[in-house]
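Below you will find the structure I want to go over with you.
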Amino acid sequence: MSDGPHADVDPALVSTRSVELAVMALLFCLSIFLGWDNWRIGAGWAPDGPQAGYFPFYLSVLLGGSSLWGIVAALRSEELREEIFVGRSAFGRVLRVFLPTIGFVFLVQLIGLYVASFIFVAAFMVFVGKLKLWKSLLTGFIFSALMFYVFDVQFNVLMPKGPLEAAFGF
Amino acid sequence: MEALESLLHGFGVLLTFHNMLLMLVGICLGILVGVLPGLGGPNGVAILLPLTFTMDPTSAIVLLSCIYWGALFGGAITSILFNIPGEAWSVATTFDGYPMAQKGQAAEALTAAFTASFFGSIAAVMLITFLAPWIATFALRFGPPEFFAVYLLTFCTFVGLGKESRHKIVISLALGFLLAAVGMDTVSGELRMTFGSVELLRGFDFLVAVIGLFGISEILLAMEEHLAFKGQEAKIRLSVVWRTWLTLPRYWLTLLRSSAIGCWLGVTPGGAIAASFMGYNLAKRFSRDGANFGKGKIEGVLAPETAAHAAGTAALLPMLALGIPGSGTAAVLLGGLMVWGLQPGPLLFVEQKDFVWGLIASMYLGNIAGLIIVLATVPLFASVLRVPFATIAPMIIVSCAIGAFAVQNAMFDIWLMLGFGVVGYLFKKTGIPLAPMTLALVLGDKAEDAFRQSMIGLDGGLGIFWSNKLVGTITTLALMMLFWPLIGKAIDMVRGSGRGVPAGSESSRA
Amino acid sequence: MLKSFVAKRTALMAACVTACLGATALSPAMAAWQPTKPVEIIVPAGAGGASDQMARMMQAAIQNNKLSPTPIVVTLKGGANGGEGLMDMLGSAGDPYKMVISNSAIYTLPLANKLPFDWRKLTPVSILAFDNFVLWVNAEAPYKTTQDFVEAVKKEPAGAFKLGGTGSKREDHILAATVERIAGVKFSYIPYKSGGEAATQLVGDHIKVNVNNPSENVAVWRAGQVRALCVFDTEPMNYPAKVTADQSWKDIPTCKSQGIDFQWIMLRGVFLPSGVTPDQVAFYQDLLGKLVETPEFKDYLEKQALKPSDLKGPEMVKFLEKDEALYRDLMTQAGFVATN
């Protein structure tokens, strides 16, 4: 559910109107892109029913139309201009989760899921949660080891793995 | 009462120490799978399938089906406590379950969800017990036009319900349909919107989208608020369970309606996810208090859970009787049947009485055991809320990543999950509803396939949707649903009452 | 440019095949390579389909008979009619822990969808079995033989008969188009997501005919809901045990004897990625050789009415070349080859 305006005093980073405009504009571009691709493969009505691109094409048109409508609506709304989409410190907090998460996914690709999840859980606890180092390392280790035991050893669900696991012959 | 006799025989097969033990193990594993966001019922069953190869078929199906019941129960837990659906079919449970938890009624919500699940599945099992042959014949009457009519009906129950601005609902719906269309088009055999990318070949998996849209985005939102989940501690005391149960008979109509929807959509492959949405929507539409849905109404928890569990259970019937799976989990079980040396199909009920009736008996016992176990373990799961956010958040993210990866063993899906997380965050904050998009993602390509399959041939043309009683009835029903806001207004005008129709009113953003 | 590329590939392939051949000859002594971690079977199809069932059966047979030192894991990659799984194999060069069970999608996908895939870029191990195609009609239908059926189709306006099959521009669709050409009839082809769906749609009389594999229709056949008219092979299937009340697989006449002179069988073969070593290939050929001798596998063949096969090495490559040419020819005639 979307939240209303924030009660706490947090200087605005960006207004809801700007974000809505940006989202609508992106959706509009997407609709043109998709519409074009579907037009290319055939968006007509053949004797045996609609062609492959028929429905997606008109859906793109619908998406484009609605996002244009959204742009107009957002431009005309005074109320949205006032509304804070996200405050500075709030957005800072969001980034504190989101950036490490991106880092985690990168690590998964590089060194495998289990080592990455150990680093991610432990580092998150230390740097974001300000929890004690030994607690964080221990939690991260137990969690990753448990996941490894359950998925790779017990149930043979193969997760992405890296050099460490390879060194142990997995 | 041949069915009763067979059922008793089934209980006889089931009531060995070995099978009962497997049942308990299965349910506990299932609840765990259901609670972990990302890992779904199909995953859980697929993971454990190899373990059952050496078992006898009845024990094997008892273990696997109990994992499924457990997952059906478990999915509601995180939906209510964290606003993160543990399973795709519990998305609709978040709509009212989470607001209830925020109001401090987590225990009531959980009790309602579990009891509703139980009710739905028992309704479906009774259907299977007594009407299996008839249902199988009924399912055979569904060709492409009938399937399309069912999907149309599901979508039409949706129209006019949202509180969001109309263009935002349309955006969400169109985007969902478009995403569903990515990949190979069944009817023409052409690739659509893949842009030469190998990763896009498989299209967008529904599960990956749900994990991102609801799971990751919720963590971002939670972080923005406080560095903590807003979920409330849920203490289930016997008295709360009892008190909640006493209120339930009041909602008998909702429970029955959702059970019927669930059984129907389970048998004609619409699936548990569509059933949960449709159950929720119809409850909202026909409730006297529809405007308060989404603010923590117990009916909003009962309706989707009953429908989802009924559909999940009923989906096993076409798998057993026709050999076509009614759900993802049923498809995995179908693979298992062949390995155990069984042949799903019309003769299974005749030739493999032990297996079939053992399974049906295990549906009764498994759900009773499941209900008791989930009610008993709720304090345990609720205590998770006391763990510091900085510890639980990364673990949820890792579990989401594992789930997203496990769907297709694709690294790309983890990135996709992140992308959907951002989309979910932006959409939730700009008031673009996620529910229409989810529904369109589930049913979009099925609906399109069914429509285009109907168009092929000499009798192709829109008239085919009224070409016999069955399809004509469903199509007409769908159109009535579509114009229900107008019909409702008309009824009101005739009655001369001043009360507006909440469902149809178009209110602008709050 | 493309030609020379293919030629180069074929030469490479030939070199590999010679190497493999050498390895097989010496295999008992040389099977030095052993897997040290779980082996994945990639299934380029959805859950519950014929390929999935085959993979599960292999997994069970290998596990129960302890044929492999490490576990076998089944991974479904069914996106884009299996294109996803095949492309994944292409990208796994040198990985001896992945094998794919493939069917004729290895020809149809590159031809119909211009998917940049070529089976020559994989290492063929062996063909485990061939699947047959049977012409099925609803049991209530008045026509009892193929000739009667063809007559009935000819009487109706072109396209009045709906023929259902799995997917579009794939084996069922190609077969349907070829039958149309040979018998001089015209169907409306309705593509479904799976053979199971095509089977129930036939029972429900939403389509008049399908060309399902035996395994896809056996359940409804035994229940007396569909009738088998003929099998698209040069000889009847060699399973004389009664399946229905009064018929065995062997009792189904060949379509050739019924006036539709056409043979159409589909491989179910195993491939490894490119760049694997000969002793790795030898290990898998040995493993699959033991697999086909297990009672589980034999039972599976009979239940699904599959045609046993022992094609491997150079004979398998020869078969693939010939089969691919047939597909290209038929797909070109039917207009299924992507042009743009």
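As written, the chains take the letters A, B and C, and residue 1 is the first residue of each chain.
Operating definition for what follows: a contact is a pair of C-beta atoms (placed from the backbone, for glycine too) under 8 Å apart; a residue touches a chain by one contact, two chains touch by 3 or more.
Note that the coordinates shown come from a computational prediction; the quantities given were computed from them, not determined experimentally.
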item: By mean Cα position, the chain sitting nearest the middle; value: B
item: Between A-C and B-C, the pair with more C-beta contacts; value: B-C
item: Farthest chain (mean CA position) relative to chain C; value: A
item: Separation of mean Cα positions, chain B and chain A [Å, integer]; value: 23
item: Centre distance in Å when chain B and chain C are each reduced to the mean of their C-alpha atoms; value: 34
item: Rounded Å distance between chain A and chain C, as computed from the means of their C-alpha atoms; value: 40
item: Set of chain B residues in contact with two or more other chains; value: 50, 185, 187-188, 190, 409, 456-457
item: In chain A, residues with contacts to at least two other chains; value: 48, 156-158
item: Two or more partner chains touched - positions in chain C; value: 71, 73, 75, 188
item: Touching residues on chain B, where the partner in the complex is chain C; value: 42, 46, 49-50, 53-54, 139-144, 183-191, 194, 198, 201-203, 322-325, 328, 330-332, 334-336, 338-339, 341, 343-348, 408-409, 449, 453, 456-458
item: Contact set on chain C toward chain B in their complex; value: 46-48, 52-53, 56-57, 59-60, 63-64, 71-81, 83-84, 87, 91, 112-113, 157, 159-160, 162, 167-170, 173, 188-194, 196-197, 199-201, 203-204, 206, 218-220, 222-223, 225, 299, 303, 336
item: Chain A partner contacts - residues on chain B that touch it in the complex; value: 47-48, 50, 99, 165, 167-168, 170-171, 174-175, 177-178, 181, 185, 187-188, 190, 192-193, 195, 216, 219-221, 223-225, 227, 294, 388-391, 393-395, 397-398, 401-402, 405-406, 409, 411, 414-415, 418, 421-422, 425-432, 448, 451-452, 454-457, 460, 510
item: Residues on chain C engaged by chain A in the complex (per definition of touch); value: 36-38, 40, 71, 73, 75, 188
item: Complex interface listing, chain A residues touching chain C; value: 48, 156-158, 169-170
